[in-house]
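Just passing along the structure, written as structure tokens.
We just call them A, B, C and D in the order they show up, numbering each chain from 1.
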Amino acid sequence: MNDVTKTYKILEIKQETPTIKTFTLDTALEGTPGQFVMVWVPGVDEIPISISNFDPLQITVKEVGEATKALHKKRIGDYIGIRGPYGNGFGLVGERVLVVGGGVGIAPLRTLMKNKNKQFTVVLGAQTKSEIFFEEDFKRNADVFVCTDDGSYGKKAFATQLAEELIQNNRYDMVVACGPEIMLKYLFGITEKHKINAQFSMERWMKCGVGLCGHCSLDPTGWRVCKEGPVFSSEQLRKVTEFFRYKRDQSGTEVEL
Amino acid sequence: MNDVTKTYKILEIKQETPTIKTFTLDTALEGTPGQFVMVWVPGVDEIPISISNFDPLQITVKEVGEATKALHKKRIGDYIGIRGPYGNGFGLVGERVLVVGGGVGIAPLRTLMKNKNKQFTVVLGAQTKSEIFFEEDFKRNADVFVCTDDGSYGKKAFATQLAEELIQNNRYDMVVACGPEIMLKYLFGITEKHKINAQFSMERWMKCGVGLCGHCSLDPTGWRVCKEGPVFSSEQLRKVTEFFRYKRDQSGTEVEL
Amino acid sequence: MLSTSFAGIELENPTVLAAGILGTSAAILKRVADSGAGAVTIKSIGPKKREGHSNPTVLFFDSYLMNAVGLPTPGYRNMEREWEELKEINVPVIASIYASSIEEFVEVAQYVASRKPDAIELNISCPNTKAHGMLFGKDPSIAHDVVSQVKEVTNNIPIFAKLTPNTDRVIEVARACEEAGADAIVAFNTWGPGMYIDINTRRPVLHYRTGGVSGPAVKPLVVKGIYELYEHVSLPILGVGGITNGNDAIEMIMAGASAIGIGSAVYYRGIDVFKRICDEMQGWMLTHDYKSIKELVGVAHE
Amino acid sequence: MLSTSFAGIELENPTVLAAGILGTSAAILKRVADSGAGAVTIKSIGPKKREGHSNPTVLFFDSYLMNAVGLPTPGYRNMEREWEELKEINVPVIASIYASSIEEFVEVAQYVASRKPDAIELNISCPNTKAHGMLFGKDPSIAHDVVSQVKEVTNNIPIFAKLTPNTDRVIEVARACEEAGADAIVAFNTWGPGMYIDINTRRPVLHYRTGGVSGPAVKPLVVKGIYELYEHVSLPILGVGGITNGNDAIEMIMAGASAIGIGSAVYYRGIDVFKRICDEMQGWMLTHDYKSIKELVGVAHE
């Protein structure tokens, strides 16, 4: 079973940006773009990380706290634990897809590009030039638009603004996105305004990752981000009143966003 | 798994002889002629019984002691437990096969008759007329010779004597047999004398039936009757010095035959 | 056919969501109720906010799970909205509580009782924290005191004592709870605990190193435990541990359980496992001409 | 690479046939030795002829077995031919013995010692008979006395104490055995016991009704048990329970076992499981650059 935590060797480490590394592991998975794995950093923590490539398995991780820091310290040949893939992943509909990635949220979107039957337009947003990654990979199968908060590369704009411009000037069958919840919040406003179906990859605190503990479940639907998510459609996003408002921390206590 | 004891309804009970009944169960098995099942008589015992038909599963049981008596008391609709099939079964070689059954040992031999590619000659032996059973079933695919100790039906002879006559007057590629160990002992003398390969179904005390407990293992080879047996070839029979001499009882103590 | 009553609580069917599974919010409990559970249990509520252990908190194997979630809780005072929303659930709601002293048990129980759940389950059996729980469930006289003191502050709300199987004194503890006025026994919490070591990294995988074992692998131990409890206490028993399908449920009931808890099977068979198990039980009962699940309680003792 | 020594006994590999599996005769023990076992254990020998329980004595499930074989034995006096033939086995032979009083233990041990097995294993832990065994293994002071008195009549033959896991006092019992002069701890005998009820006939299937649980399902419990024993006793530990493949074996060794017993896996993987497990261990060690299995004992504690 893929749910037994197994440890694999790190075969390759690529520094994508000053804060983000991609780890290539000595294994491969089958799954759907947008799915994630639970990554065990021995002795430290186990955290949900999206799959940025299936075969070989790659994960692309931003250093933000203890576990990601410990992961960034790993070297080639070290072992980390993996179980999964988990969650639903994206379900593309239509032909013309606008893909919006913010920060490390860019990572899972790359796997969408294996689909050669779609026409992808991709918006990559980051704070500054050095934080843009995977651009070349996207370009192989998409029109790519880059923006940075400080204008150091691409357009000086938020990804949401660039996305709205594109939506105004083009016809898209759907929008898919992954990034900070604040970005998704504004983007959802935009897709709703323009009546375009969207699918967003969302984050909540995860313990089991398989739909057992209930920790990642949403108000008021009870959907579990690890199982019915992490990708939710516009129709679903409308029903989940907690999105963009609050979430639960490790103890289960509600915290405002 | 077929090793979990499952209980099945008795669909039909046929009194074959004054001491032998055939039970038809609400299930079917796949396997090889000569294999057996472990039959749980709830609250009483679990005993090895040969398969006398695979689909539907039938077992043919002689009343000899507590468990078989309790089994004989069962009625249609009652449940008994089954696990298996176990053991190796017969492996027929050649064209012309002499089949020798003594007493309830006739039961497993019937399943051989499904094989339409062989030329079977069958010897059925019992003490008296009323203890002969399955005769019609065998006749459908074999030349059948019956003998009884008291001469009340067929020839007045032991099955071994009849078998030897047949062997002297015909060419057989092999002999297969099931019956009391004393019958098999003499028959083995005969097949060895006439240099015919034989396969005999043997009995030893069984607990697990799957090769785990070791209770049914043989001197000096360590073969387990439940796993490497219950059918042994001439070549094997020659090596098993305990055959026809002693066996182990429930406690594991050796008892002379 | 499946309707029954347990410790005075009417249940449409005998399947109960076990504590610590999916029970983190009113929303998910409601979803479980809609998925066919006869009753649901809120994840164990503690005296104050607690994060629980770091991940990995649950490990998954073919025939068992190991967990050391470590009783995360917002604390009973920080759940106002949940308490309100729990009212909308249309099956009985059991509130599981834990604490690290008798006084705290009383404090939490008193508050929780004021929110009027259908029953309060005392988790005196969690193997995953050192201060909380386990000791209480291993010592008959402490178990007695927890139950009797909680009873004093909880009016008529039925009190369930959830036992640990990991002691020589299970029967004594159950009897002590009975004498102290408990309304039902929940048997059992997880087993062991156990451990899983990753050989490549040479270390235990669970962050807490050890974790309670649950799931199909523990069923034979639970059946035996229930069988024995049934002979020694007269309280109704909620049988929990390793029940994955309708046959398991019936087996547990025949051993002596009046209702059955379902936890790990949510992992093995999905969130609709309650309905599926009920369908399986019903199917079997129809074939075997039973009219009510109540006929089957303890019949393996006949 | 796999050769090691255990309680002073040289082993070509650390796999040991566990007591009660296949060990009924010298012939089958020889076959097991030829199938790659590093050492073999004779089925527990008792004071006098005993039939054991009626069938069903063993039940088989996907992840565990349940057995209540009930210690059948010809009695130590009725095994002359076996003793002779045992001499032909070219791996160490461990004689497991049981009895229902300290005096009987001494009587059986003394005789068995005269036949010079490589070690004697005291089965003070069988859950399947009321008079024999279990009590001894649950009470540290009785365990102490059994071991120390047996030591007095067995010359230099290493004495192994086989423990039950089914007590709160495992560590105390192990320590008592250590103090009494035991040469090794065998951990563990079967778990529970458990029970399986057939729902169609509404009754426990094992004739003895309950049976000890073994096989893959108990591995997490055994690993944790060994891990804890390793921290509390300094005797070598023979880890037994649920080992089915090379990874399991290495996990158990990392938890603290110096050698490993294999029982139920004979069912799950066949009689050549010893060789298969050795090959798997060796394969893993080669990939990970280990030279000797001895390097791995207890490394999960680092």
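Everything that follows uses one rule, which is that a contact is a pair of C-beta atoms (placed from the backbone, for glycine too) under 8 Å apart; a residue touches a chain by one contact, two chains touch by 3 or more.
Because the structure is predicted, anything quoted here is derived from the model rather than measured.
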Those chains which touch subunit B and also touch subunit A: none
Most remote chain, CA-based centroid, reference being subunit A: B
CA centroid of subunit B to CA centroid of subunit D, Å: 36
CA centroid of subunit A to CA centroid of subunit D, Å: 51
Overlap residues in subunit D, where contacts from two or more other chains coincide: 61-62, 196, 200, 203
Multi-chain contact sites of subunit B, meaning residues that touch two or more partners: none
Chain-level touch network, classified as line, ring, star, complete or other: line
Set of all touching chain pairs, with the criterion as stated earlier: A-C, B-D, C-D
Subunit D partner contacts - residues on subunit B that touch it in the complex: 1, 3-7, 38, 40, 42-47, 79, 81, 83, 206-208, 210-215, 217-224, 227, 248-254
Subunit C to subunit D touching residues, read off their complex: 61-64, 66, 138, 166-169, 191-197, 199-200, 202-204, 210, 213, 216-221, 223-224, 227, 247, 250-251, 254-255, 284, 288, 299-300, 302
Residues of subunit D that touch subunit B when the two form their complex: 20-25, 27-32, 43, 49-52, 54-62, 65, 69, 72-75, 78, 81, 85, 196, 198, 200-201, 203, 205, 207, 264, 266-267, 270-271
